[in-house]
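What follows is a pair of complexes built around subunit A, which joins subunit B in one and subunit C in the other.
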Partner chain A sequence: MAENTISLVSFVLTLMVFSYLFGDAPLIGGLYRIAVYIFIGMTAAFTLVVSYEGVILPYLQDIQDQSTSWTALGYRADITIMFTALLFALLLLLKPINRLTWLTNSVYAVVIVVGAAVGAVGALNGTLFPLLQATVALPDDLTADFEVLVESLLIFVGTMTGLYYFHYQARARADGNEEQSRVGRGFRHIGKAFLVTTLGAIYASALLTSLTILTERIGFLFQFGA
Partner chain B sequence: MSEEFNWLEYSEEMEAAALEEEGRSGRRGLRRLLPRLPSLRRPALPRMPGIPRPRLPKLRLPSLRRRGGARESHQPSAADILGEQLNRPLEDLDDRLRALRERSVEASQPAPSHQALYAVDDLLAGPALQDRPGGVISAVSLSKAQQQQVEMLRDVVGGAPEAANAGGRSPRFFSGFALSAAPRLLGSAVLLLAVSLPFVSSDYAEGDLPPAEFHEDRHEPTTFYNLLDNLTGDDYVLVAFEYGPAAAGELDILADLLLRHILAQRAKPIIVSSNPIAIVHAQNVIRAINRSLDLAGEQLLHGEDYFLLRYLPGGALGLRELSENFDDVARISAKGLPTGLQFDTLDEMTEIVLIAASADDIRHWVEQVASAAEGRRLLVATSYAAQPLAQAYADSLDQVIGPIVGIRDAYTYGQKLETNFGALLPAEASPQEPEFEQLDADASSDSQAEGRRGPELPAEDAIATALPQPTETAPPTATYFATDRPQPTDTPAPRATDSPTATATATEAPVRVVVVTSGQRVNIRRGPTTVDDILGLGYEGDMFEVIGANGDGSWYEILLPGGVEGWIAEFLVDERLVSAAELAGAQASASAADTQRGERAVLQREYMLRLGKPAPRFYQAQAPASGDRLEVALNRDRAQEIPRLEAMTLGTLAAALAIIFGNVIYAARALLSLRGTRGD
Partner chain C sequence: MGRGQRFGIALSAFVAFAVGVTTALSLLLGDNPALFGNQPGAEQLAELIAAPADALLRLATIVVALSIVIGIANLLYVHAGKLARGKFYSAVLLASFGFTVFWQVTRPGDTSLLEAAQLPIESALAALVALSLLHGGSRVLGKRADIWGLLFVAVVVVVLLASAPLAELAPLQAWRDWLMRVPVGAGARAILLGVALGAVVAGTRALLGQDRSVRG
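And now, the complex of A and B:
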């Protein structure tokens, strides 16, 4: 019974989403919006529940656990972290009060700065350096592995010209206009070609993903109808 | 037009009105404590004679001194006020005010009705101000290059190009119907038809199905499979679920396969995610696997067969926490209960499997987790949309294995899994189209399998042939499938009931037991008092091994099946001496009864989790047959796989045709529009 109900609700919601094909008109398009709002609302609710059960509640239970001693250094550190987090959460709740918005913004600033720092370090160690190393790495035997050589050269040229595409430095002419050298313009065109090709590949990949999800939904509709 | 109008005087009126309003409202908050400063008023300039004053109605001017939220409210702006002055000659306005009025008129135009995606034009719309050299407005206008980039983005996501709205005159043929929603509906109908046909009939199948093995040029997916195939019962695999319901249509099939493969090897997946909804979705995937195992009565249990950790808040920050404080993260389950897992670092994971829908998730895991756990491989399964980035990482980093991508690779992976595990089926249960419901797989039986193994091979040799060769850390596969489920590392040593060998040894000496005599359900507690936590329940006739007693003999310390110790009150039980075989038999019958009751196992598991110990499977009917793991690997619902693959092929063709057709129409429109402009 429960399975049938879930399937029925899924069927109706799927049809409501597909109603967007008829546009965002108030009558028909409203169905799409309702489905989206339901999805957003449930997502928010589940996020709250999962956060409370998995993140907040264990911290509170740690405090109540009598087997944990206040004298333990690690425990005091945990308490400090927890109260800091609670303080930040309370400050975020002050957002609707205009006069205290600066407090909320201070929390935002801390989170954003720490996040940016972690992201920057991770990007350097995990992406930039490894990809750079792979870009400049050449095979040991160039003649034996011609395919790898060509690939490495393509990556190198694509990287450099792609970077140059976002380089806007130009020389000022006597009449006040700006002029970029022919070589620079050439690099920019090559970089643009790489970028357009990359965007095309990403677009095609996204299209395949959309088709995969569409086939799953269509299959579900036929399965439900059967 | 006879009345003179002075704009400076006009500003002064506004200022005066605002000051008057502030005077009425009074000074609030901390400002009360500050000395009142003299107001700085602009001195009135003498009126210029001879300049006609335009007729203006009485305006309701907004207070320019409101603060904070009031500034964000829907007060009419100066541009709005000017936009309403339709009866006023435009030439009376100077350039600045005329630009403001144009802005208001433009902003009041209805949104184009032919945008393909909801609110895309709103998101991509640049400032509606007209660029005027030297003016203030030009500072906030898009440059020409920026405008081109916006147009490109608008084209990519389906927004309406500006040229179609503003440039040239649309030919009559392409106006009206052609520019309305009809093309979108037509394209959608064609696409839906193409995608739907394979579900109606197999006559519309186009293209070939993916092969049963990964192409020989693609080493990494094969390596991916072999790494999971080499897992053993002592291995823990960190499985990152980084996708929610929106991507479930693509990635569920991959997640299902990978989890089944890990579980079939008796390794324990530890599921984690930085997306709270993905945690909920992972539970659904596990639930679906459990439903497929209902026929055998076998169920995957949280805390024993798999673990679901708490979610990692903060995106990249959460992943950083995972890599640096894995011991802390692994301690808590998604329900906020202790998992009993005791790890120090991520290096203790045998493998890390990432199932991600977006390129950002892959990047975050590589940057924050893989780079911190350099000794561990990152096995990536992803969507088509994230493939380009995943492939770049896999090509440049030895640590990243894969990717396995989308439904086609999932089909190949499933074929490979079923071929290898299906070869373990006995001959009578392994026809050309295997009926997995009739599983009775006993690898140690004398039955011979057909197919890949050949009819003459004995069973064990056949299994060893069918499976990939084990590494030095993995036990021989044939032996592995014949053995029982391995015990958790931190549970007590196996008891007499755990293996036939131990049973045979234990029969030589009597065992001191207690038998529940109370006709009612009795509690088994954590300590020898009634205020201690309840660990489990006992029913009349249940038999437990005695390992001790309290000082006055009012409580027995007993050993529950699974090696967990508890306490039971003396007046509820009788003490006896029985053989180990008799104890095993009594507990087996209690186990059978327990499958009917259920509550006892649930209660004990819950309390074990709260105690922070791996929850053993209490009162399990019998040691699971060796075929249980075959069921995990094979009992999949594959009814939709082939129609979906065929629908993908037809849908891709239809989409390509729609794109080509759309571009032809677009080019024709541009040409005709150009001709119309020249005609003017």
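And now, the complex of A and C:
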């Protein structure tokens, strides 16, 4: 596609999306929805192409080559995996038949538990242990830099009280109401301060990113218009 | 619910449990010869233990790819039905889908359609997020005028002003850097640890067959 055509199509589509700002004004009210439906159609098409070219086709080509194997179990295991996957895909098509829904759900169950196992092991090895180690680690020389020590302590307190904020514990009183301990309430308040600060920073970063994109798009519109 | 159906559900829960535990153990113990000391054949043993997880992950990858294809086929089927009832927007969706597939098949490796249509729409939608964020931020001030709302706004103002390319605001950059390094770092760690703990709990629930999606 020629460079001018790309710019023209980009210009028109950007204007169509920005027509959202005018709401349901006559003539231009539907332009935003047209752009969104074009976007959904294209995304579906690109996803289909990537799934086929990136996953299905390489696997189909691989199982034709007997000298290679995906796992330590050998070439025959590859064939079994491929045919099991195809069988599972066929079972997914049974979803509309109410009496056989359990078969479709079984396929989902296998995929979900494999994902859950990967997620749980990944969270343990990739997030929990490294972050806990980094949180409790102290500087090498405690006397050398007092500022670093204070910062390390603050990070430790912030992380622990932030985690504590997600935890709720209360005593039952004689009148049937609940009562939180003062220490627990204090921890929760400190944790909340750290979490609100973090959410504020995340919000500001997201705002900065989207403002940068907005100025780039507006700049493009003016540049193309000129 | 018939006896056969109940048996099927119990069987699927058992299979899911077996598959989940096998995957988790295989991932934890596999590919780590150090676990088996200096014994001969430790490497082969570690490789063999890693094989079930490898096989099940590949199986799940192919099933997910095929289910994406089935999902897209369902999307097209639904919109073809709507088109038959005269819905204009479904025609737009089907036309853009057909055109994109035709383009990708006839011009493999050509990214000009991506640059001309997909990226501008994505960028423009991301740009509109700025307005939604501003609207949401103003509502926080209006609805939560307490100390937490003020703290939230103060952090946002410091981070935004420190990012402005103005020499007068340079001292704010040191504040912003400290804020990002210490309190935000601590809060982000707390959130990530919370998410990781949640993932472990949700994963364990699924492995034990306690999750509704696994019980059928």
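The criterion applied here is as follows: the second predicted complex is superposed on the first by the 202 of 226 C-alpha atoms of A that agree within 3 Å, B and C clash if a C-alpha of one lies under 4 Å from a C-alpha of the other, contacts with A are read in each partner's own complex, and residues count from 1 in each chain.
Quick note on the criterion: a residue touches a chain if its C-beta (ideal position, glycine included) is under 8 Å from a C-beta of that chain, and two chains touch if they have at least 3 such contacts.
Being a predicted model, the structure only gives us computed values, none of them experimental.
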{"item": "Touching partner for A:Ile190 - first (subunit B), second (subunit C), both, neither", "value": "neither"}
{"item": "First (subunit B), second (subunit C), both or neither touched by A:Phe222", "value": "first"}
{"item": "First (subunit B), second (subunit C), both or neither touched by A:Val148", "value": "neither"}
{"item": "In the superposition, subunit B vs subunit C on subunit A residues touched", "value": "C"}
{"item": "Which of subunit B and subunit C A:Ile38 touches, first, second, both or neither", "value": "second"}
{"item": "Which superposed partner A:Arg99 touches (first subunit B, second subunit C, both, neither)", "value": "both"}
{"item": "First, second, both or neither for A:Val55, with subunit B first and subunit C second", "value": "both"}
{"item": "Partner chain(s) touched by A:Ile112 [first = subunit B, second = subunit C, both, neither]", "value": "second"}
{"item": "Which of subunit B and subunit C A:Ile6 touches, first, second, both or neither", "value": "second"}
{"item": "Touching partner for A:Met82 - first (subunit B), second (subunit C), both, neither", "value": "second"}
{"item": "Interface residues of subunit A shared between complexes with subunit B and subunit C", "value": "20-21, 39, 43, 46-47, 51, 55, 99, 101, 111, 114-115, 118-119, 122-123, 127, 131, 134-135, 198-199, 201, 203, 205-209, 211, 213-214, 216-218"}
{"item": "Subunit C-touching residues of subunit A, taken from the complex the two chains share", "value": "1, 5-6, 9-10, 13-14, 17-18, 20-21, 33-49, 51-52, 55-56, 59, 70-73, 77, 81-82, 84-86, 88-89, 92-93, 99, 101-103, 105-124, 127-128, 131-132, 134-135, 151, 154-163, 165-166, 191-201, 203-211, 213-214, 216-218"}
{"item": "Complex interface listing, subunit A residues touching subunit B", "value": "20-24, 39, 43, 46-47, 50-51, 53-55, 57-58, 61, 98-99, 101, 111, 114-115, 118-119, 122-123, 125-127, 130-131, 133-135, 198-199, 201-203, 205-209, 211-219, 222-223"}
{"item": "In the complex with subunit A, residue positions of subunit B that touch it", "value": "29, 67-69, 113, 118, 156, 181, 184-185, 188, 191-192, 195-196, 199-200, 244-250, 276-277, 279-280, 309-311, 313-317, 320, 331-336, 363-364, 366-368, 370-371, 383-388, 392, 395-397, 406-407, 639-640, 643-644, 647-648, 651-652, 655"}
{"item": "In the complex, subunit C residues that touch subunit A", "value": "5, 8-9, 11-13, 15-17, 19-21, 23-24, 27-28, 47-48, 50-51, 53-70, 72, 75-76, 89-90, 92-98, 100-101, 104-105, 110, 112-131, 133-134, 137, 148, 151-156, 159-160, 163, 179-197, 199-200, 202-204, 206-207, 211, 213-214, 216"}
